[in-house]
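Each of the two complexes below includes subunit A, the first together with subunit B, the second together with subunit C.
Then we have the complex of A and B:
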């Protein structure tokens, strides 16, 4: 095999020495691809060149042969760098496979079922910027028309954020109460997060408790992106502000709660900052742009509105998503 | 030709002496130019590690014969601080990313066999062998 390569190279070299044509050079280039595919190191290539030259032009002065020896010595490190690259590529592939598996586990672990509630149409979309999602939506509901929703966002992205989110999920699971009051839920989860995660990690969370019988939403927020209320009657958007520190900052944090009543056609829009902090060439995409996108589709089902907002925002950002994107819309019907 | 089979490493000049010793032995054993260059590169890396991290140590070159096969073994020994995390220094990208050269994974690739024995506070003993084909 080695001998075959040596003689192939010698032939390419011989022809080039005779004609110096572009075709000869092209042959050489193709041959180098074959060498790379066979993991031939650069020092071996130079050694092969030296040997071929020695066979064809044995009368050349010694300085020529010495010069090749220096070149061979210098190429050893290049050869090592090449081998290292191969091995790092392989490791990268292993990590990619592992990340895919982890993303699947996360998806199964954090799966939640959208409840069906009298008089309420729910749309939901949560798309991670990378493989793992640092946003989280959690529903808990009962047969009497009570449903709680948590929309949370870990400050950070990727694997660390995803691991942190599992904590929030288990906190919510342990509560398992569809009638829990937002300020109590935020209080409990705050203590779970404060105790169990790294000081450099923070979670923002919106919690809303919906009562289908009265069409009311009681909500509270732990430093989360404010929810938006769209009033169908006046066709206006307003922020639902509610004070409270990010989860995990202080065990003594206290959370407010407020209640709104939904009328027919009203929209309650909950999201993470991945929705509002999208950027295009001119800077941040204005909030009004998002309101306009929602307003255009206000008569459509909630899921259609959510999808439309996502598609349009991605389009405005040249198909790039810089942060995890989560949008939930409650539509009173 | 020197009969000396080891070189004390204390200054950067000693690295060159260790290379010369290794090259002479490799040449005598019949290694070709490319393998000579690989062996001396491995010696350079090991000697440089001693010079940089232990301050003082020794590179020993041994001729081996085994079932008619001939080979060369480089022994790099020092009484330096030892390596606290061997797994890490054997990882690709650890030394190259800091511009420190091929590092120990490089030595392992250049040679056929590689063994490292290190104890914190006591020193490091590395043995790397290449067989003549």
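Then we have the complex of A and C:
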């Protein structure tokens, strides 16, 4: 095998010495790729070159051969760097496989069931910017028309954000109460998060408790992007502001709650800042643009509306969202 | 980012975009000061044209550690967009912030 490579190289070199044509150079390039694929080190290549030269031009002065010996020594470190690169590539591949597995585990772990409620059409889309999602939507519901929804966003992305999100999920699971009041839920989760996370990691969360019998939503916010209410009658959008500090900053934080009543055709729009903080070369994508996208599709089912907003925002940002995207729409029907 | 400290007073000017790429650099620089006692920090954000939640996290972490060491953090020169970010997150209520055009407090 080695002999075969040596003689191949000698042939390429011999032809180049005769003609110096583009074709000969091209042959040399292809041959070097083959050598790389076979993990041939740089010093081996130069040794091969020296041996070939010695065979063809044995009467060259000694200084030429000595210079090759020095060059071979010089290349040894390059050879080691190459080996290191190989093992890094392999390590990176292992990490990629692990990340894929972790993303699957996360998906299973954070799976939630969209409730079916009398008079309410629910649309939901949550798409991570990277493999792991730092956004989270959680539903809890009962048979009597009560349902709670949490929309949360961990500040930070990737693996640490995903681990933090699991904590929120277990906090919610331990409450397991579809009639819980938003301010109480936020209070409990704030304590859970505050006790256990790093100083620069926080969670923003919207919590809404829906009562299908009365078509009312009681909501509270912990530093989260305000939900939007669209009134079908007046065709207007307004922010549902509710004061409250991000989760995990202070154990003393207190949360407000407010209630709105939904009429036929009204939309309740809940989201993370991945929806509102979009940007392209021309600047920020203003909230009015998003309102307009929703308004265009207001007569469609909720799922069609959220899909439309996502598709259009992706298009406006040249098919690249830099943040996790989560949008939930409740439509009163 | 420029930081200057004298007599327990830290003044700094932050410029450009604070996002997931630049926030770690900012964090590292601020962390040099976070364990000092009774530090009065004033950071000017007038020339910050964009900040996402990662940047917010850096300032909150800084605020928390300075506060627990008896110091004080003030952020000034906030654009309307930045001010909204602090207001929505509830941080505007607990941190000392000052928006552009509302100076002289």
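Here is the rule we use: the second predicted complex is superposed on the first by the 333 of 333 C-alpha atoms of A that agree within 3 Å, B and C clash if a C-alpha of one lies under 4 Å from a C-alpha of the other, contacts with A are read in each partner's own complex, and residues count from 1 in each chain.
Definition applied: contacts are C-beta pairs under 8 Å (C-beta built on N, C-alpha and C of every residue); 3 or more make two chains touch, one makes a residue touch a chain.
Please read these numbers as outputs of a predicted model, since none were measured by experiment.
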Message = So in the superposed three-chain picture, is A:73 touching just subunit B, just subunit C, both, or none of them (first/second/both/neither)?
response = first
Request  = Return first, second, both or neither, reflecting whether A:143 touches subunit B, subunit C, both chains, or no partner chain.
outcome  = neither
Message = Between subunit C and subunit B, which one touches more residues of subunit A when both complexes sit on the common chain A?
response = C
Message = Looking at A:3, would you say it contacts subunit B, subunit C, both, or neither? Reply first, second, both or neither.
response = neither
Inquiry  = Taking the superposition on A as described, I'd like to know which of subunit B and subunit C A:91 touches: first, second, both or neither.
reply    = first
Message = If we overlay the two complexes on their shared chain A, which of subunit B and subunit C does A:18 touch? Say first, second, both or neither.
response = neither
Message = A:234 in the overlay: touching subunit B, subunit C, both, or neither? Say first, second, both or neither.
response = neither
Ask   = Is A:44 touching the first partner subunit B, the second partner subunit C, both, or neither of them?
value = first
Message = Per the contact definition in the header, classify A:81: touching subunit B only (first), subunit C only (second), both, or neither.
response = first
Key: subunit A residues touching subunit C - in the complex, by the definition given at the top   = 153, 155-157, 199-202, 204, 222-226, 243-246, 249-250, 253, 273, 277, 279, 284, 323
Query = Inside the complex, what are the residues of subunit A that reach subunit B?
reply = 43-44, 47, 50, 69, 72-73, 75-77, 80-81, 83-84, 87-88, 91
Task = Give every residue of subunit C touching subunit A within the complex, in rising order.
result = 20, 27, 50, 52-54, 56-58, 60-61, 64-65, 81, 88-91, 93-94
Task = Provide the residue numbers of subunit B that touch subunit A in the complex, in ascending order.
result = 32-34, 37-38, 40-41, 92-93, 96, 101-102, 105-106, 109-110
